[in-house]
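Alright, structures below, take your time with them.
Two complexes follow with chain A in common, the first pairing it with chain B and the second with chain C.
After this line comes the complex of A and B, so read on.
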């Protein structure tokens, strides 16, 4: 376990560091209840003028949107932001002069950040769940949901890692970041269930890694993916996790050979 | 660690680094052209550097901006891959075994910190303890020693962003040395520090070199650092070593000239002494330059006091700074290495 000790420490330090940004955390907690409430109002209004699309009843839709929002609070903590900053400011040089596997250290840093936010939202999570009633699935489904969520967390990290990794070549990825973030939000099922996409697009979105981030755990949660399909769904997520991790590894290897540290 | 005692700790042979970058075309369409038909430009940063550094040496690695100093250091730390040549640090080729090499080195950048900005100073040390797997008792012992030596007791629990530059640099030095590496690379470690803080840092470097036998490579523009700490300097310009040897030698070669500064009691126009060249004069004070090998200072002093009414006389020794400035602007003409 001593091999893991540095990375556990990276996560702990990220946790401590993130916890010093108190105002940011408070704002996040405060806005959560409001956002959950607005989502319910929005979907309720949309449903009053339309028949339930895809046969998805309103309470399922509200559950979906609320859980997606809660997930986003954890997933949008961009643990890979640190890569972008370190590349821009040259801090990556200092990290490379340490006997560590740098991407793993950054991943650990991201996990530490995520934990802070996850803990910070707990109290307002409870308030939100009192404001908006969601369908709570059986315990077995919840367990599978959290497992699926963890896989989605991994896929999300590596997709972001790949995206930030482009900075090794361009040193500036902000514009690209915005575009991909927007596409990713849309195609991952965070904003809308992927079943709402029409025709070929509807089929295509399920074949992209983004679906493994939000859509799969959410569909498990609201029961669209029934127990007999759980294994397949998780296997597909696992495959995406392996694929994005492998791609990240290759990108890191290529990047490490051509690192141009800013300055000097 | 090197296996045999006979091999120098750090060896480079014809080490080269060429950076290739996309050339930017001017004009509004330039960026677009660069995207579709990039034109590359090669810049030679290090053009064949060969040097050997023995265990326990304290070497000043100096040169003008853009000479290739930092690039060399980055190759020695394993974060840049050389374009050619060979290098070995404690028997390891750094970029092939970056992590193994990292255990042998400590690095301090004056312009960059490795400390966690938002956390108390001691948190960064705890992370390093985990990274290097330093046993708890040894960590305690080194930390106590550094806290005393660098007088960090007052701010060990202060967030780094609230520290003064001098305090932060002391923290960075402790961070670089916590795992007791045999090699320490210092890149502009005293930049921006006040005289007291500079002195504290220099004393620290001197002590770790003397007491722990740490091999130090010091890159700096502050030649007072070098003069105070190093016996040997390696001078690099345009990617090549132009001098490698004791500071005394470069001082002897370039320091043959002395300056005789004379202050007269009354305004004296165009003063002159045989055997010395008038460098500057404002009427009251005159500066004469002479070659100490061919002229005796006492004769010149006698000569000037006989001819003029003199209030004060001083002889100035050349400073390393002046010599190096001369070499940067005029080029170096002597031998690169002593035989």
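After this line comes the complex of A and C, so read on.
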């Protein structure tokens, strides 16, 4: 347990730091309310004037979009932004000298930041419930959903880690990162269900790691992935988690060596 | 003043030529931002061909009209966004010791603004007009150009109003953020999909609907399902743009008069 103590401390510090931006947090909740209103208006209009697509009635669609919005409160926190800052300001050299596993420390930092935003979920949920009705799945489904969400959080963390890690070579990744974020929002199923993508594109998007971030947990939630397919769905997510984690490890090793070279 | 302004653009374009990597990153940025928005729209409307009586082609035009106006605003007036920051950090005072209008000086702070987004917006608008089968007679082109300028005027009026508020309030970021989200998310769809209160806000209070919904209805020969107004109101856009930016400029002047510098 004592081995973990420094990391818990990292998470605590990050939590305290992030929690000072109260107004921003309130703004986040307010902007979420606006977007939940928008998604209700949008999908209601679309369903009123068109034939509903197979297997996805309006209430499921609204549930999907609202839960996706709530998930984004947590998933849009870039817990690895700290890498970029540390690189620019040189703090990373000091961190590498400390008796800690640096990537793990940054992960703890990210978790601390995320927890602050997770606090915003409850009020956001309450506000959302004033605007829309969300289908509540059975308890077992909810448990699997949270498990799948956790795996998605991991994949999201490592995708961000890889992107921020590029800063070891280019120093500036902000633009690139926003570009990838927008593409990933689309390809992960956050904006619309991946099943809406036509033809081969539809098959391709399910084969990308982005689908493991939003799409899988959401499809579990609204029941499109039935209980007998849960194991497969979670296994695919787990595989992506392992793959992105391995890639992050390799990147980190190469990057750390690079720092030593530059500094030596 | 004109000579100084031309000099400003000359510096801007020279900067652009110097920082080519930067330029291409921002270009990629703009392309991906609008590209993902249009992709999401296209995919959605392949499943749901009608959005309150608007087809995909018409929705494309609706988006392009807003995009061109908004990007014109970004190319010319983006610096207005930085005013709250200038004031907070005490960097605003330097504008008083120079022999130019304060707003003019704000607009000409070198900031690596490139007109790439606007060029992209015009190209997109031209394509969208073709796709939507708009008969491009000289008069129509003139109307579209006036609408784009008027739309940029509305954008400027509203952002200048928010910026002027920072002469009284220290933090306007949250308000600005809410208004930006209202603009970027809510102008993507015909306002007839919203409830009455939101329609009233978008038409009469923060008249973003005049950037695209009303003029697009006019140009596409569509009936206004939101208020049942005559399509001709779409021609009011330039007037409203002029009115909003004019009134905001007066408000700005009042703010300057009572400004004493935060923290002095």
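In the analysis below, the second predicted complex is superposed on the first by the 256 of 264 C-alpha atoms of A that agree within 3 Å, B and C clash if a C-alpha of one lies under 4 Å from a C-alpha of the other, contacts with A are read in each partner's own complex, and residues count from 1 in each chain.
FYI, contacts are C-beta pairs under 8 Å (C-beta built on N, C-alpha and C of every residue); 3 or more make two chains touch, one makes a residue touch a chain.
Nothing here was measured: the structure is a model prediction, and the numbers come from that model.
> Mind working out whether A:9 is in touch with chain B, chain C, both or neither, as first, second, both or neither?
first
> Touching A:186 in the superposition: chain B (first), chain C (second), both, neither?
second
> Give one of first, second, both or neither to describe whether A:178 is in contact with chain B, with chain C, with both, or with none.
A:178 contacts chain C only, not chain B.
> Of the partners chain B and chain C, which touch A:203 in the superposed model: first, second, both, neither?
It touches nothing on chain B or chain C.
> Give one of first, second, both or neither to describe whether A:133 is in contact with chain B, with chain C, with both, or with none.
It touches nothing on chain B or chain C.
> Using the touch definition from the top, say if A:35 reaches chain B (first), chain C (second), both or neither.
Second partner only, chain C.
> Which chain A residues lie in the overlap of the chain B contact set and the chain C contact set?
In chain A, nothing is touched by chain B and also by chain C.
> Would you tell me which residues of chain A are touching chain B in their complex?
Per the stated touch rule, the residues are 2, 5-6, 8-10, 13, 16-17, 20-21, 90-91, 93-94, 96-101, 257-261, 263-264.
> Going by the contact rule set out above, which residues of chain C touch chain A in the complex?
25-26, 28-29, 32-33, 36, 39-40, 43-44, 46-53, 171, 173-174, 177-178, 181-182, 185-186, 189, 192-195, 198
> Chain C touches which residues of chain A in the complex?
23-24, 26-27, 30-31, 34-35, 37-38, 41-42, 44-47, 49-50, 53, 175-176, 178-179, 182-183, 185-186, 191-192, 196-198
> Using the touch definition from the top, list the residues of chain B that touch chain A in their complex.
Checking each residue of chain B against chain A gives 19, 70-71, 74, 77-81, 98-100, 102-103, 105, 107, 109, 111-112, 114, 116, 118-119, 123, 126-127, 129-133, 159.
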